[in-house]
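Each of the next two complexes has chain A plus one more chain, namely chain B in the first and chain C in the second.
Moving on, here comes the complex of A and B:
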C-alpha cells in the first residue's frame, strides 16, 4: 500500500483554555482519493482543515495526536518548513471566494503570485500553465479571464478561479472547506462536478472536502467521515455510509432530510430532538446519547464509545463509534401525522401585476443601472395554503415578501388582503388589524431577535401589537406552543441556540391572528438536524391557526415536501406556477428543469443530469424578452425576437415559454460522464 | 432543548449597576484604576470646603515672597500667595461641573442628530451631515475665541463651545452605528409590526449601539478636560478668581524656570483626569463582547 498523503492520528485541538473541540480525530487519505468530511456547525470539521495546515489562529493549539502530510509531521515542522508545504504540497480553498481574492489585482496577476510559479518552478512560460489550469476549471475563454478584476466575475466563477489557484500549486493535498456554501444550487452543482472531474484527472492528488451538505458529499467523495462533537462517528465508502448508515446519528440525519424517499411529500419529516452540544457541555458517555433514538440508559450515558468498530454486515473499512452498533434499530417513524389543515377556500392575498425595480444612483444624480426585482408578478394564496416562492438569489423572491410585509412598496400592481391593497402601504401606515394578519419570519436566527431584550419582552410586545393583553400567561402559552423550555422567557437571545431563536421568531409571528405568515428562508441558516423540527413546528402551528404561509426558499426538496402551490421566479418574472405536483412534474419550464437538475440527493449512485451547455455570451438581454434567455439550454430563434407567452393549462398550470407544453414534456437526454 | 439552560452568565434579573457591566468592567485593571482616579477627584470636588486647608482665593502675603512648598502650604502657593493645594481642590469643582455638563450636552445633541440622520436618511441626513461638516471644518479655537469674546466667558458659553465642537463627531459615530443596525432583521421585524419610529429608535436601536458610544464618551470627556484647560490657558475660561486648572497653569508659566510647581501641579491634575478617562475607555473596549 502506498503511503497516505494525509494521516491524522488521535488529533485533539483546543481553543484558549476551553475544552477540546476535537476529541481524537483519526483519518487517512490515500493518493488520488477524495475524502468527504461532513458535520454540522460546531462539529469541528473546519478545525481539522486548519489544524492540517497548523493555522489555528489566535488561541488554537494542538493538544494531542499528530498530523502527517506527505510524511512531514505538521506538529513539529518549523515555520519555514510549513511555508514550503503551504501553497506547494497542500493548498486550501475557503468558503467565501469573494474575500479569497485581492480585489485590487487582476486575475492573471493573482494567479501568477502562486509561490510555485513565483519561484520559477512553473517552467519557462508561467502564463501557459495559468491558461491551462483555467481551462481545467472550465473557463471557455481563459485569456479574457486573465484581464478581469475579481468584481467582474460571479460567485461561481470566482470560486473556480480560487480552485485554479490551488491547482497551480500542484498540491499533493487539496483542502476544500465548504467551497460552495453561499452559492446558488445550480452553481453549487457545477463546482461539485468540477471537483469530481479534477479528482478523477489529478493523478494522485488527495482531496479533503468539507461540507455540511450530504448531497454534495455524495457527489464528490470516495470515502466519507461523519463528524459529531469533535469526533468522527462513522467512516466508510460513500456508498456504505449513505446507503447503509450504521451510526444512529448518520441514520437520523439522513432520515430527517426532506428528500428522504421513505417519506412521501406531505408527510411529517423525521426530526432529531435537541441541539448540537458545545464542547464544554459534553456529559459523560456518548456525545450523541442525549439526542439518540437508540439510547440505552445505563450504557450510552455512562460509557464513552472510544473505538471505532466494524459495522456489522457491511464491507471492509466501514466503521462507526457506537456502543449499540450490533443492535441499534432504524430510526422510528414519527408517531404523529401531519395535522389536517383547514383549506376553507377563498384567498388571503391576491397579487396582480406587481412590479418593483431598483435604480442604483451615482453621485450628482446620474443613474448607474436598473435591477428588476418583480416584473408583473401575479399569484394568489388561498386560505390555509402553503405557497412557495422559489428561485436563485436575485430572483426577487425576498422583495415580494418584503412588499407584502410592508417593508417595501411596489412601483405598480396590486396586492389585495382583507379588502385593501397592501402593495403601496408601508407597515407604518397599515391598520393594526392588517399588521396582525400578515407577519414575517426571517432567515437569520442571529439577527431576528433584538439581543438587548429578553424573550418575554419580545413576545409581550408582539402580543400587544397583535391586539392581545400580553399577560404573563399568554407569553407562557406562546413559549409552550413553540416547545421552548418555560424559562426561555427570562433569557436573552444570546443565551439561545439558532433553532431556539427561530422558535421565538415563529412565536412572535403567531402572536396575533396571523392570516398569512411570510417565512423568508426560515431554516436555511440552521443546522441540518434542527431544520426538520423547525419546519414541522411551523406547519403544526399553521394548522392550529388555520394560517396561510408564503414560504420563500431555495431548497427544492423542502418546497416539494411542504407546499400546496409553487411559484418559480427568475429575475423578477414568474416563469412557472402551479400545484406542487404540476411544477415538479412535466411539462416544466427550462429554468425549473435547470433547478431540479441541480438537486442532488445523498445517494452516490444518483446520476446528476447534465443539461446541454449554452453559450451565455451569444444572447443578450433586452427588456421584454424572456429574462432566462441568456442561460437557456432550449433557446429558440423566436426567443430573441418576441417575449414568451404565458400558457395556462386547464388545471391551472402556467408556464411562460415559447416552447409548446408538448415540447417541454420531453426531458432532454442526460449527458452521463465516464 | 435544555443544553442552553446554563448559557446565561448574569442572573436573570440583575440590578442596574450589574447591568451596566459593572462586575465585568471591574475585572479589567485599566478600568478599575481609571474609575478609582475619577472617584477620588469626585470626592475631592464634593468635599472641597471641608478638605481644603485654606480659602482658594485668600492671599498669604508672607508666602508670596517664596511660593515653594512649606509646612503651612504643602504644595506651596502661587505667585501672589494663594494656597496651591486649596486651589487645585476647588479647581476640581470647576472641572467636575463644566466637563460633565458640556460633554452631556454634546452627546445629547450629537446622539439625537445621529439617530435622526441615520434612521430617516434622505434630506434629513444630508442637512444634518453637512451642518456637522461645516462645524468640523471651522477651526475650533477660532470658534471659541469668537464665541467667548462676543458673549463673554461664562459656564454656559463654555458648554456651548464644547457642544459645537464635539456634537458633529458624536453624530457621525451614532449615524454609522444606526446604519449598521437599521437593516438587521429585528429592526425590520419591529417595522413590520408597525412600531413607531420613536419606539424603534429608543427601544430597538439605542440599546445595541451603546458600547462604542460609551467608549467615545470616556475619550471625549478626557479631551474636554484638555479643551477646557486650553480655554483657561488662553484666558477664555471662567472669570478670574474662580480656581480653574487651565487658568492656574497659565498663571504659573511665567515662573516656570524658578518655581515649576506652580504650573506643573495643576497640569498634573489635568493629566490625571485625562489618563483616567482613557483607562476607563480602554476598560469598556476590553469588556465589550
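Moving on, here comes the complex of A and C:
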C-alpha cells in the first residue's frame, strides 16, 4: 500500500483554556481518495481542516496526537516549512467564497500568486497554466475572468475561482471546508460535480471534503467519516456508511432527513431529541448517549467507547465507535402520526398580480437598473393550508413574505386578507387585529429575539399584542406547547441554543390567534439533527391552531414533505404552481426540473439527471419574455419572440411555458456517475 | 471614472453654493451695524445712514447675498471702495475682480491680501504637521495592528489613547514649559518673526509638534484598528494558506484594504489644521488662519469672517472630494463598471 497523503492519529485540539474540541481523531486519506467528513456545527470538523494546516488562530493549540501530510509532521514543522507545504503540497477552499478573495486585487493577479510562489518572481509567465485551470473549473471565457474584480462575479463563479486557485498549487492534499454552503442548490450541485470531476482526473490528489450535507457528501466522497462531539464515530466507504449505517447517530441522522424514502410525505419526520453537546458539557460515557435511542443505562452513560470496532455484517474498513454495535436496533418509528388538520375551506390570503421592483443604485447615486422581485405574482392560501414558496436566491420569495407581513409594500397588485388589501399597508399602519393575524418566523433566530429580554417577557408581550392577558399560566402553556424546558421563561435568548431560540420564535408567532404564519427559511440556520424536530413542532402547533403557513424554503425535500401547495418562483415570476403532488410530479416546468435535478439524497448510488448544457450567451433577457430563457435547457425559437402562456390544467396545476404539457412529461436522461 | 469625478464635482459646487448662502445668512445675526463699524465711534447718525444706503444694508437678505456673490466672482464692483470710506484706495486690482471678498474692517486692507499672508502660514503648518503625521501613524499603526496583543501593541495603544485624551492646549502648554521655559531650547511663541537663519524654523517646531502629537495619536489608532479588522478577513487567511510569505501578505493583501478607513481620517485632519487650529495658533501667537478667525470674531469684522468661513467650507468640501476619490482608487467595488 502506498503511503497515505494525510495521516492523523489521536489528534486533540483545544481553544484557550477550554476543554478539548477534538478528542482523539484518527483519519487517513490515500492518494487519489476523496474523504468526506460529515458533522454538525460544533462537531469539530472544520477544526480538523485547520489543524492539518496548523492554522488554528491565536487561541487554538494541538494538545495531543500527530498529523502527517505527505510524510511531514505538521506539529513540528517550522513556519517556513509550513509555508512550503501550504503553497505546494496542500491547498484549501473555504466556505463563503465572497470573502475568500481580496476585494482590491484582480482575479488574474490573485491566481498568479500561487504559481509565482513555485517558480519565483522571474519565472515563466503563469498565464497559460492559469487559463488552463480556469477551463478545468468550467469557465467558458477564462481570459475575461482574469481582468475581473471579485465583486463582479457570482457566488458560484467565485467558488470556482477559489478552487482554481487551490488547484494551481498542484497540491497532494486538497481541503474543502463546506465549499457550497450558502450557494444556491443548483450551483451547489454544479460545484459538487466539479469536485468529483477534479477528483477523478487528478491523478493521485487526496481530497478532504467537509460538509454537514449528507447528500453532497454522498455525491463526492469515496469514504466517509461521521463526526460527533470531536470524535469520528463511524467510518467506512460511502456506500457502507450511508446504506448500512452502524452507529445510532448516523442512523438517526439519516432517518431524520425529509427525503428519507421510508417516510412518505405527510408522515412525521423522525426527530433526534436534545442538542449537540458543547465540549465543556460532555458527561462521562458516550457523547451521544443522552440523545441516543439505543442508550443502555449503566453501560453507555458510564463507559466511553474508546475504540472503533468493526461493524458486524459489513465489509472491511467499516468501523464505528459504539458499545452496543452488535445489538443496537434501527431507530424506532415515530409513535405519533401527523395530527389531522382542519382545512375549513375559504382563503386566508388572496394575492393577485403583486408587483415589486427595486432600483439598484451605483456608487455616487447613478442608476444601475431595475431588479424585479415580484412580477404579477398571484396565488392564494387556503385556511389551514401549508403553501411553500420555492426558488433560488433572488427569486423574490422573501420580498413576497415581507410584503405580506408589512415590512415592505407592493408597487401594484393586491393581497386580500381579513377583508382588506394588505399589499400597500406597511406594518405601522396595520390594525392590531391584522398584525396579530399575520405573524412571521424568521430564518435566523439569533438576531430576531431581543437579547436583553427574558423569554417570558418576549412571550408575554406577544400574548398581549394578540389580545390575551399574558398571565404566567398562559406563558407557561406556550413554553410547554413548543416543548421548551419549563424554566426557559426565566432565561434570556443568549442562554438558549439555536433550536431553542427558534422554538421561542415559533411560540411568539403562535401567541395570538394567527391566521397565517409566514415561516421564512425557519430551519436552514439550524443543525441537521434539530431541524426535523422544529419542522414537526411547527406542523403540530399549526394543526392545533388551524393557522395557515406560508413556508419559504430552498429545501425541496422538506417542501415536498410538509406542503399542501407549492409555488415555484424564478426572478419574481411564478413559473409553476399546484398541489405538492402536481409540482413534484409531471409535467414540470424546465426550471422546476432543474431545481429537482439538483436535489441529491444521501445515497451514493443515486443517479442525478444530467441537464443538457445550454449556451447562456445565446439568449438575452428582455422584459416580457420568459425570465428563465437564458438558462433554459428546453429553449424553443418561440421563447425569444413572445412571452410564454400560463397553461392551467383542469386540476389547477399551472405552468408558464411555451412547451405543451405533453412535451414536459418526458424525463431527462440520467447519466451514470463516473 | 471621469464621469464619476465630474458628477461629484457638480455635487460639491452645489453644496458650496447652498452652504455659502447659509453662512451669509448666519453672519447677519452678528451684533453691530456694519456702517457704524466702518465709520468708527464718532460718526454721525446721518453719516451712518448714508453709508448704509450706499451699501444697500437695508436690502432684503437674498439681494445682498447675490451682490456679495457677484462681487466675489467679479461681476459686481465693491461699493465700499473709494475715498468716501477711506478703504480700498490701495487695492491695485480695482473694485471688480475675481476673488473680491471686500475689505477687512479690522485691517483696512483688501481681504485677499490679508488671507494671502495668513493662509500661507497655515499651509506651512499643515504641510509639516501632516507630512510628519502620515508616516508616523502608518508605521506605528501597522506595527501595532500586525502584532495585535503584543507588548509593542500595548505600548503604542496605551500611549495613543492617553495622548488623544489630552486636549491640544495641555500638550502645547507642557511643551512650552519644558522646551521653552525650562530648557530654553526653543522659542515659546511663534509669531514668525524673521531673525537669523534658524529663527523661523525654530518657531515652527513647537506648534508642529503639538499638531503632530494630537493628529498622529488619533490616526495611529484608526490605522491600527483597520489593520486588525483587515487581518481578520477571510481573504487574508486565504493568502496565508496559499503559502505566501508574511511580508507579501502584509504588503499586498492587508495594507491596501486597511488604508480605506484611515484615508478619510487623514483628510479630516488636513481639514482640521488647514481651516485653522484656533487654539494652537492662539497659544503660540502664530499668524495663521486660526488666529485670524479669532481676531476677526473679536473685532466683529463681518466681511473677514464671511471670507474665512467660506474658505473653511471650500477646504472641507475639497478634502471630502479627495477622500471620495481615494475611495474609488482604493476600493474597486465602488468603481461599478
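In this section, the second predicted complex is superposed on the first by the 654 of 674 C-alpha atoms of A that agree within 3 Å, B and C clash if a C-alpha of one lies under 4 Å from a C-alpha of the other, contacts with A are read in each partner's own complex, and residues count from 1 in each chain.
One rule holds for everything that comes next: a contact is a pair of C-beta atoms (placed from the backbone, for glycine too) under 8 Å apart; a residue touches a chain by one contact, two chains touch by 3 or more.
Given the structure is predicted, the values throughout are model-derived calculations rather than measurements.
S.K.: Touch test for A:55: chain B only (first), chain C only (second), both, or neither?
M.R.: second
S.K.: Can you tell me whether chain B or chain C touches more residues on chain A?
M.R.: B
S.K.: Can A:231 be said to touch chain B (first), chain C (second), both, or neither?
M.R.: In the superposed model, A:231 contacts neither chain B nor chain C.
S.K.: Is A:492 in contact with chain B, with chain C, with both, or with neither (first, second, both, neither)?
M.R.: first
S.K.: Considering only touches as defined above, state whether A:213 meets chain B (first), chain C (second), both or neither.
M.R.: After superposing on A, A:213 lies clear of both chain B and chain C.
S.K.: Spell out the part of chain B that touches chain A in their complex, as residue ranges.
M.R.: These residues of chain B touch chain A: 1-8, 12-13, 184-186, 188-197, 203-204, 207-208.
S.K.: Which of the residues in chain C end up touching chain A in this complex?
M.R.: Result: residues 4, 7-8, 149, 233-235, 237-245, 248, 252-253, 256-257, 324, 328, 330-337 of chain C touch chain A.
S.K.: What residues on chain A touch chain C, complex-wise?
M.R.: By the definition above, chain A touches chain C via 53, 55, 58, 83-88, 91-92, 94, 96, 99-105, 113-114, 117, 149, 151-152, 162, 165, 169, 362-366, 368.
S.K.: Of all residues in chain A, which touch chain B in the complex?
M.R.: Against chain B, chain A makes touches at 273-275, 277-278, 281, 290, 405-407, 427-428, 430, 432, 435, 439-440, 442-444, 447-453, 461-462, 465, 483-485, 487, 490-492, 494-497, 500, 505, 508.
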